[in-house]
Structure formats: structure tokens, C-alpha cells
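Presented sequentially are two complexes of chain A, the first with chain B as partner and the second with chain C.
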Partner chain A sequence: MVTPGPGTDPRASAAGSGPVPKRRGTELALLGFAVLITMAAQCIVDITMTGSLTSEVATFGAWFTALWLVAHVLVRRFAPYADPLLLPCVAVLVGLGLSMIHRLDIAGDQLGSNSSGEDAPVQLLWATVGLGLFTAVLVVVRDHRVLARFAYTLALVGLVLLAIPAVLPASISEVYGAKLWIRVAGFSIQPGEFAKICLIVFFAAYLVDKRDVLALASRKVAGLELPRGRDLGPVLVAWAASILVLVFERDLGSSLLLFGIFVVMLYVATERASWLIIGLLLFSGGAFVAYQLFGHVRVRVDTWLDPFAYADEGGYQIVQSLFGLGTGGLFGAGLGGGRPDQVPVAKSDFIASAIGEELGLFGLVAVILLYLVLVERGLRTSLVVRDGFGKLLSAGLAFAVAWQVFVVLGGVTGLLPLTGLTTPFLAYGGSSLVANFGLVALLVRISDAARRPTAPPAPTPPKLTDAPTEVVRP
Partner chain B sequence: MNAPLRKVAISVLVLFTLLIVNVNIIQVVRADSLRENPRNTRILAEEYDRERGAIVVDGNEIASSVPTEDSLTYLRQYAQGPVYAPVTGYYSVIYGNTGIERAENDVLAGTDDRLWVRRLADLFTGRDPSGGNVQLTLDGATQQVAMDALDGLTGAVVALEPSTGKVLALASTPTFDPAQLSSHDPAAIRAYRESLDDDQITNQAISERYPPGSIFKVIVSAAALSSGDYAPDTVVPAPQELTLPNTATTLNNFGNDPCDPSGQQSLTDALTISCNTAFAQLGIDLGEEQVREMAEQFGLDDEGFEMPLPVAGSTVGDIATAAELGVASIGQQNVVVTPLQAAMIAAAVANDGSLMRPYLVDSVQAPDLTVVDQTDPEEMSRPVSPEVADQLTGMMTSVVENGSGRRAQISGVEVAGKTGTAENAGPDHNWFIGFTPAADPQIAVAVFVRNGGGTGGDLSAPIARQVMEAYLGQGGG
Partner chain C sequence: MTSEIVLQAFRFGFLLLLWLFILAAFRVVRADLFGGRPGRVTSVPPRAQAGRKRRGPRHLVVTAGPLSGTRITLGEQAILIGRADDSTLVLTDDFASSRHARLTNRGGQWYVEDLGSTNGTYLDQQRVQGPLLVSPGQPIRIGQTVLELRS
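Our next item is the complex of A and B:
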């Protein structure tokens, strides 16, 4: 099953030449670099926006550094063979996000600004909670294969989490027209972010179980290997669930995200491209019907096709985002030099356009590449890990990040219709940040298993036939 | 499972490449158009951080930036704001900018290429960059008199220096106070903007087009004289009533008076009393081609231009029949002109038949007041020969001395002119175009009063006199 090419398997080079390098030192150095970048960004923001540095920067720096130090020590202790690039990528993204949110906080009192509040400290707090989840996952889940046993429980939890906002009254669950939230006592939680991870775990366990049936039984129609009708069940269920999310929660993004992840995991499990085509057809059909039936979908698509025609209405956000990106140009206006606060919800949905405006094309592409590194390291873990469940799970998690980043950044830059998804690690929002810390914890756990050298075979007791004959005397 | 995994990895790479390509398109290829989109207020906000250059008339700053304490570092101020509003426009954090503030924004903001030496110096010395100044051609006293004379009316006055095309006055009423749109208080700006009606922020002198009425007869006269078949004393038919060709419609003179008891008169007399029947018949006799060609030479070519404020295109319009040609020849039918275009007709006659391109910006100065660019006068066209221009001047002098333009007379100076009273859906529009001194013209003017209801001679000619007097009185020119 595992057929690594030359150089793709870290164990290949290590095979027979001593212990596998753990590369924890690399991780620590890169984390230090991430903290350095974040601190530089914080200082630049404070100096350009307020003209002075306060002790708050030092407090923030100490806290932020401690956060990653704890994470690093945890990995050293509980997952010593984990991929050393995962955490540093996340650290830079979280740090940049915090700096940009801090910058938008300061802009709050300016003329014509759309942002307000003191959100950066809250976000730092959420990052700390996220670290808590990270710790819990690493400590409790010592072997990722254990998760497969709870697949159906997790499926149930995922579906319930997904369904809660839909059944709650709109006053508790609706924000900007999408019913995605649970808002209680000043806190708002987007349960969909956690549901996503639960469902990926379930998909992985279910598909590993059923992959042979799904892959082998088929009919050939017009040169295409098509699965049997009754095997279409799971994909139809996933499709129906995502349509239900679309209808009852009015959330294009989550719907697209879940269905995309499922179809790709199905493809990876069965190695059959026909699933991709079936998925695409189902999605197109659903999208077409949704476009015909739902006003909010139609508005999203129309403003996507020609945002400037709706510049004062539905297209306002995307037009402002494009203005920010265009004005930023190659090098950007510099942190604190632009007006990213003119884009509505710049801290959450449009944080990428704020980065594009102030750090320029180079900054935004750097962020995209950070995500790419994170995702490709996840997929690489999937290539290397030995068990099928681990493979599917890490592939699903990594692809989830990739797909979400693509849909969000595509929306913010006008490549795709705008959806309500958050930018992982970067955007303001507790649920998203905490859930994604959990996601990374799982990737760290699986990558540890992938790179951990197989235990040397236990000395087998000598076979009876080889044993020296003992003469038993009566 | 590894084969599909590799394909997924490659697909992710492709998706991210799409993102990066798209971001490149936005931030590099489309960057300039997005940055300069009028809805994008970012550049405006950035400009507020620098000292914007001044707009200068006669050495006085009529628009300038002063430092403030609030987040937008500089506040735009307008000395005599309402007097110069039709020219300066406004500079608003909410509504963007108009007028010279818009047309010369690159200079005022300091980003114009002509200021590069200065910018380079700023870069090395670390000095805060500041904008260049724009010196206008306006004559302050003339502009002031023009705005005062129009007070209470809806209309426009344009004064040109015939020999160069310099715009000496560009007045439009009703006016507004640009300072109130350029403040830093969004609520106050919005409230003031909503209190304005469209006429107040529309520049009647260059943005709106109206039927010219009888001032168009100058062009028909020019066509007749240039054809070689007519002289100022050529006698033309001037009946009390003209039945338009192939119709039952009759055309009368103003007040239904006969132009001359004999039913015919000289071209000079016909212009002097503004005889409708004579000019309708003259236009029909000359034919559409000659009338249209002459009008185009004078600038009625339906193509606007920038001076640098955008000027709407004036036109003769469609002429389908000989009857329509007759009506067009007295400046009605589909003929429409801007007041600036009307002034250009007078200026071309005044300048020996050479039409100079009107311009508002005399020079561009660096922040240290050194001139970095000076506008050179430029000939736009040559509609008539100096001889014909001379003959037209004689005829137009007769209009002011003996005819409908008497109220434009200035004692001691010869004035040439032509009145116009244009029919439209409402009360008549009232026009006067003219120049003085007739022998050596220093100033050409057009006065337009919208729906004034009187005649051009009654309402507009006196305004023209005041404006011309103001300019000559200070030894202008």
C-alpha cells in the first residue's frame, strides 16, 4: 500500500543509518522566527498608528512566545517525531492575524472606519483556549487509530453540531443572514467549525471500512466506471446533508466545504475518478437549483459576476476589498499605512484583503504559500503514514484547510462567489481558531506516527522445530 | 491510496496557483484602475495627509490647505468659495473632487510627472511631500463682477481673451460653498450636500447646452460672407412672414413686426434688428452644408474638449428638411451650445477669424513657486478670413450701436455684439455675445440667463457691459 518514491520517505534516507532525526530543534528555531515576525509586525503597527510603543507590546510578546513554547514542549513530549513545519506555519499565520486585528482595533476611531472594538486581546485569549484543545488532543489521543472506534459517535456529534443553529431561533443563531451561530451570554460559537472535524474523522473511518465495496463493484457506462446504484448511498447522503445546510442555515460556504471534502476523501479511498465526476454533477445540479430557488444565492452569484454593478449594495464588500488590494499593489501600503478598515468585517471575512492592502502582493502571496506548505506537509504525512485510516484522516484534514483557504481567498479576491467561511488561523473568531488548533493537533499526532520508526520486531521465541531436542526421560 | 493522494496534492497546488494568479491580476494588472476608481476613497484619504497645492488667481490663493489637529492632516480652505466654485469645484472626503480640484489633481496632490524633480528631492531630504500650485488664467475682478451680476438668476458668464483663449471669467449661478463640502465632518458634509439642488453644483457655463437663438445668426452671416456671394450691404429678402418650404408653417419676426416695410434689407440691417425671416431664408439659400461647415469651424462639432475642465460638445444637430434648416438658421430646432461655446464665437470674430483654444490653467508651479509648465496659446481653427471677421465686427458693432444690443454700450469704447432670445419649453433663454474694444478686442464675453423671460438685449446685454467694463476699467489685457 505504501509505495514511496525516491526521496519522499523520510525514513528512506534514515533506513539502516541510525535513528530518525526528530527535527525538534528546527521546529524551535522556526517558531522563534515566527514570534520575531509577529513582534516586528506588532511594533510597526503601534509605531505607525499611535506613534509610540507601550508596555502592552511586551505583555503581548511574552504571552505569544509562551504560547508557542508550551506547544513546542508538548510536541517534544507527546509527539517527538511530528512534522517540524506544521506548528511554525500556524504560528506565523496566527501572529499575522493578531497583528492585523490589533491594527484594525486602533483604526476603529478613525473617520470613515468600519471597524471598532478591542478584539486582538480576545483573539489572543482564543488562541490560548486553542492551545488547550491542542494539548488535550495530544495528551488524550496517543494513537490516532483509536479515533476510528468512535467514528459513529463523532458522526452523530458532528451532525448535531451542524444542525443546532438551524433549529435554534434566528435571534440566537443568525448573523448577516446566515444561521451558523450559537450566541449565548456574549459568546458566539460557530459549531460548524467543530462539526467539520468530527465529520472528517467519521468519513475517514467509514470509507476505510467500505472502500473495497465502493471501489470494486462497478458497471461500465460510456467508458466510465460507474459505481452500483446502491453504493451511491453515502455520497447522496453527504450531498443531501450539504443541501440541507444550504437551505436551513443559508450558508453556501459550509455546504460547499463539507461536500468538497467528502468527495475528495471518497476519491482518495477508492482511487476512482468517477466519484469526482459524480460529485461534480451532483454539486452542479444542486447549485443550479439553489440559484433558481434562493434569493441569497442568486445575489451572491450576481455580485460575483459583476461586483461593480452592485457596488452600493451586495457588491460593496467585494468592491471595497478589491480597492484595498489594488491600492496595496506590489509592496502594499505598509502596516498601518493603508485603509483596510474601509472594508466591512475586515477582521474576520476580509482579513486577507487587509493583508493584501498593507503587505502588498508579496505579503499576500507569502500567506498563501504558508497555507500551501501547511497543506502539503499534511498531505505528505498522509502519503507516509502506514495505516489506511490515518492516511484518509490526514488527507481529509489537510484538504479541508486547502479547500477552505481556496474558497475564502477566492471569494475575497473575486475568483469565486463570496461565502461566509473564515480564513483558518488568520481571521478573528474563536470557534474557527480553536477548532483549527484541534485540527493541527490531529495532523501533528498522525505525522508523529508517520515518521516514528517502526519498533524493531520483538525477538520471536525460537520455533519448536528448531529447538534442540530434549530427551525426556521417564 | 497514494496515487490519488498525489493527484490531490497536485490539485491543491493548482488551486493555490489560481489564487496567486488572480491576486497578481488584481494587485498588478488592475491595480491602477482600482486605485483610481472614483469610488475608492483611499487615495483621497492618503492625499489629505499631505499639503495639497494651492489654486491661484492673480497671485491670491483661492483654494489652499491648512494644517489641522484631526486625523486628516490638512483642511482645504476656499477664499471667496462661492465666487470661484464653478471653477475650483470641491474636494470632499465623501463625494470625491470636481472642477480644477479634480482636473488638476495630479499637480495639486504632487503626483504629476512634471513635479518629479521636487519629488526626488523630497525623497532624499525626507521632507514631507507637498503638492504643486495651479495658476489660473482668471481675472479676479472680472470673475467677481460676473458672479455679482448673475446674482439671483440661473445662468452663466464666460469671458475670454480673444488673442490667446485665456478664460478671464467662468461664472455659473446659482453657486455653492465648496468649503462646506470639503470639511472634515462627514455629517455636516452630507447635510450640506443634500441641501443643494442640482443647479447649484452644475456648471451652466460648460456642462449644459441650450438653444442659442439669434446669436447663431453670426455664424450664418459668417457663412454668407465667406461664400463670396454676400457683403454686409447685400440686400436680402426680409418679409414679415416666411412660409417654410414644403410646409404650411409660417415663421415670424420677434413681436411679429416687419423687418422692413420694403420686405428686404441689407445683411447688416437684418443682423442689427435680428430679422428672423431674413436669416431663415439666407440659411435655406446657403444650404445645410455651408451653414453646418461654418458652425463646425466655430466649434459646434458635437465634440467636447477639456480646458482642462470638461466642456460639453455643442452642435447644430440633425437637419432633415429645408424647413428645419430655416429654423436652425435662427438658432432654434436642434441647435444647442454651451455658454463657453457662445463666447468662442465672439472671440473668433474678435481675433481676426482665428479661434484660440480656451484654457484655464496658465501655469503649473512647484511648491517653491518655480514654474514647471506654462500653457502656450494654441489655435483651434480658423473659421473666417480676417476680411470677413472685419465685416462681421462692423455688423456686430451696428447691433450694439443701433439695434437690439444697445444696452451693452460702454461710453467711449466701441462694443460689438449680438443678442439672442431662445424659445424653449419654459420662458425664453436670454443671450448676449460680444467683444470690446471693436478695433482692438481685449475681451470677448457670452452671457446666458436661463429662462429669464425677457430678451437678450434687456437681460443679458447689461450684464455683458458690466463684465467688459470691469475688465477694461482696470486696464485689463
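Our next item is the complex of A and C:
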């Protein structure tokens, strides 16, 4: 059931009833709130950990505020009807992530074990780059429907981006056994993060084209509407591609992410549950074979089933993460009060467990709710926007965020095997942050189209009320 | 001792701040769902508004076809239905024309007009030739799509 937002309400655009609410003021107020939360977190971290506030906090605050101010002005200028909640939710998540990374930086300094230097300023820099991509997307893509024209180009770009690390020599592309990086001159990029968005755009355009065939042609087998054999093609290709990613890049996460997104978009496009079942079956088959064939998958699954049995080897991370979450309890140890630095790679993969330890269950649930609001706005945009491509694209983007959060939090809390996906916006990592800024820019663009009042058709036909004929009621 | 109190204040204060943000976000979500901010409803005399709305149908609902479930709030303006991108209701139906039909409001009552479409617009079983009065619940069929007015 679609309840029309202000943008779809034709009454609102009628002459004399005032302008449509753009809700930019709401956005600005919430962004201010988000900056306040971030600054509070930074100050608490500094006071708790070092006992003093330095001028760095002011520099950080000014930079961070400027970042969102610029984003806000851009949205005001280029997407005035955009959803007012997207940016503030992202701002809080990015701010919380930055504070947590800063906190782990200090812990590293104090223990003298910080080998990589300060990571928080780097992350802030990446956020600025992300804002650059956000700007570029908003300025260049004035109408999201244009993207559908470049669907096959974007698919090619996406596949090339996915394939690059697999082709490159391991010295450039391998980190912790996963070959999904390009490391050049001190920078490391995960092209898969950008490939994800390109492929979602392609899936949306492709499925809008083909959904009637995929939805209507069917055979009924055992009460379930099954698609024809030849229509299984695309889902099999997506499946094969994700398996190839798994084989060549040894990356469970991207493989799971891509396949999940494709199956769900197929389901959204066709409204047929049989696609979900087919997807699940293919996934189970693939997972079983992967478990049999690949050592690294087996290690992940074994440590998931019984992390404490492997506490000294592969299970160390997850065991530390579980201890951290346990220490955090309901209200957490307070920012700077816990020992989240005990978990290896707490800044990127395990930032959720660091938040769980320091802010407790209440804090972690708050973070999950922020994601929930973000995803809800995306899905709502998908309901309200009037063209099929926009609907599928925004649903796909929103689902990508939700799926990623689910898989990561599942991994950190021991619900699912660890996959090495990043928590969007929170985790340390340039490519993920920049790519997700691009994702939000697309959502902002589509939500602008969704909430924009419908322009009256250009050549106004004579009004019925002015017509001389009299309508005779039957 | 004081520092311990300060730390505890920080700990709970920050959680409070985080949840206040979520509360604020939910208020915006709620305002979007039910229209208008919760506190602002009293500023409009509720009876007058209700009285104005009572006149005639308030929603156009798609009951069958690919867009099934879509609901458009009716206002004063005419509703243009077709495959053209600037239509109020953009159909993705192969049997619809780019400018297929128009719903027009006249004194709170809605009339459907066919805009010279190829496959026609049907009100109940009757093909729409000139403007026809649509009463709530009467199915309007365009290709595979069926619409009806709801109050």
C-alpha cells in the first residue's frame, strides 16, 4: 500500500494551496543534531582517554561541520525535494565511525602498538573524497532515468572492477588472504565496492526490461510457479559470477552480497517468491560446494560453529568480539572506557563490536535503528517514485545497505560466519566510504524525483468545466 | 570521585543523545506517513478540513495490473494516465497509449475521458467515448490496469 508523500500529492501542487514542503529545514536541523552527537563523542573520547581537550577537536569539528554543510547546500541546490532523513542518518553513522576510529587510534598510541599511524584523519579525508563523489553524482545525474541508458556500459565497468584484483599479482591485490584490493603507492582501493553500485544500476535496468517475461511465463510444479528453463539464464549467470569472485578473490562477502542483491531485485521486479526459493537453493548448493573445496571457507564455518574451540587461531577475532560485546552489556563501558582495541582489525571489520562494547546494547541498537531509518527511506522512495527503473534501483540500493549491515553484524555477533564485508559508513576504509557516499547520492536523486510535485502537462487541454457539453447522468 | 560521576554522566548522556536523534528521525517518518507534524494538527480547524474532504472520493487506487496497490491522493488537478513520463500515473502497460486517459474534477465529482487511445478506456464494461462520471468503486480499465476511486 502506497501512502503518497507530499511529493506525489497532486493537491499540494495545485495553484493557491502553497508550495510543496521540501523539508530542507528539517534536514538542516537534523544535520546539526548529527554534528552535535559527533562532537560530543569526540570530546568524550578525548577527555576519557587523555584527560584533556586539544585544538584538534576544534579542527575536526570545523571540517566535519563544513562537510555536511556543503552536502546540505548541494542538496538544496540540486535535489530540493530529496528525502530529509537520508543525509542526517549518514552523518551520524560517519561521525560515530570517526569517533570510534579516533578512540582506537588513541588506544594504539598509548599502547605503542599503532603501526599504521593515525587513521581518523585519513578516514575524514576519505569522507571528503566521498562528498566529492556525492557532488559529482548529484550534478551529473540530473535525472536517474538517464542511468538506465548506460546500463550495459555500467555492467561492463562493474565486471571489470570486480575482475581487476583477481588478475593483478597477489603482491598488489592481496590483504589477509583476500584478493580484492588494488594497492598502489600507499593507497588501497577495493574496486568491488564501486562494482556493487554499477551492478545494481545494471540489474535494475535489465529487470525493468525483462520483468514481464520473468514474471509471466511459468510452469506450475508442485504448487510452486517455476520460471521456464531459459529464463533462469540471468540468475544462473549472477550465481556463476559470484562463485567466480569467491574462487579467484577468496572473498566470501562480495560474493554473498552480489548474489543476495540480485535475487532480491529479481523478487522485487517479478513479485514471485519462487525466485527467492531458487536463489536459496542455488546458494545452499554453492555454499556446500565451497565448503568442500576451499580451505578458507571451511575455516570460517568451523570458527563460526564453535569459535571457542579455535580461540587461539582462526576464532580469536570472533571470541574477542564476543567478549567485548559481553563486557559492554546493556549500557556499555562508556566511550573510551572499554578495551575494543583487543579485537584485531577493530577499526574496519569489527567496528560494530567496538561500538557494542563501549555503547552497549542500547548504543548498538541505536546504530541498527539508524540503518533501519536509512533503509526505510530508500524503500519508501521506491514505493513513491513513479517509474519502474527508479523503483527497482532504490529498492536495490536500500537492500544492499540492509543486507551488508545484516551480514556484518551477524558475523560480529556470531550469528553468521565471518565474511569480511564492511559496515557501511561506520567502518574504516576509503573505498567503502566513498562508494557508499555515491550510493546515498543516488538515493537522494531518486527520492528528489519521487517527492517532487508532478508538473502539469505542458499543453494544457481545455478544462472540462469550460466545455459546453452537459453530462447526462445515467 | 567527581571524575567517576562525570564519566557516568558522559556514558548515559551520550546514549540519551543518540536516542533523541532517533526519536527526532522517527518523528519525521511519522509526519510523512500521516501528513503534517504531530503538533501542528490543531492549527487547522479539523472540522472544516474534514468537511472539505468529505465531498467526493479522495483516492485513486490501482486494483489490478503491474502497478497494483498504488494510491494517488486526489486534489483539484486533473489526473493524467498514460505511458508518457509526465503523466500523473505512469503506466508500463503495453496496451496503454502514451497519453491514454484523463480524470478531471468538476465540483467534487470525477469524470473520466479517453484521450484518443489505441485500445480504449473502459468504465465498467462500457467503452469511454466522451467524459463519463465515475462513482467510487466503479472499475476503470486501461489495458491490464484497473483503477477505481475510493473515498
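One rule holds for everything that comes next: the second predicted complex is superposed on the first by the 432 of 474 C-alpha atoms of A that agree within 3 Å, B and C clash if a C-alpha of one lies under 4 Å from a C-alpha of the other, contacts with A are read in each partner's own complex, and residues count from 1 in each chain.
Here is the rule we go by: contacts are C-beta pairs under 8 Å (C-beta built on N, C-alpha and C of every residue); 3 or more make two chains touch, one makes a residue touch a chain.
Keep in mind the model is a prediction, meaning the values are calculated, not measured.
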{"item": "Which superposed partner A:Tyr267 touches (first chain B, second chain C, both, neither)", "value": "first"}
{"item": "Partner chain in contact with A:Gly360 - chain B first, chain C second, else both or neither", "value": "both"}
{"item": "Which of chain B and chain C A:Glu376 touches, first, second, both or neither", "value": "both"}
{"item": "Contacts of A:Val345 with chain B and chain C, given as first, second, both or neither", "value": "neither"}
{"item": "Chain B versus chain C as contact partner of A:Leu335, first or second or both or neither", "value": "second"}
{"item": "Which of chain B and chain C A:Gly388 touches, first, second, both or neither", "value": "both"}
{"item": "First (chain B), second (chain C), both or neither touched by A:Leu69", "value": "neither"}
{"item": "First (chain B), second (chain C), both or neither touched by A:Pro88", "value": "second"}
{"item": "Chain C-contacting residues of chain A that also contact chain B", "value": "1-4, 360, 369, 376, 380, 388"}
{"item": "For the chain A and chain C complex, residues of the former touching the latter", "value": "1-6, 8-14, 17, 23, 26, 29-30, 33-34, 36-37, 40-41, 44, 47-48, 84-85, 88-89, 92, 145, 331-335, 337, 359-360, 362-363, 366, 369-370, 373, 376-377, 380, 386-388, 454-458, 461, 463-465, 467, 469, 471, 473"}
{"item": "Residue ranges of chain C in contact with chain A within the complex", "value": "6-8, 10-15, 17-22, 24-26, 28-29, 32-33, 35, 66, 69-80, 85-90, 92, 99, 102, 104, 106, 111, 113, 130-133"}
{"item": "Residues of chain B touching chain A in the complex", "value": "1-6, 8-9, 12-13, 15-16, 18-20, 22-24, 26-28, 30-35, 37, 39-43, 45, 70-72, 93, 184, 186"}
{"item": "Touch list for chain A against partner chain B, complex", "value": "1-4, 110-112, 264, 267-269, 271, 311, 319, 322-330, 338-339, 342, 356, 360-361, 364-365, 368-369, 371-372, 375-376, 379-380, 382-383, 388, 391-392, 395, 399, 402-403, 405-406, 409-410, 413-415"}
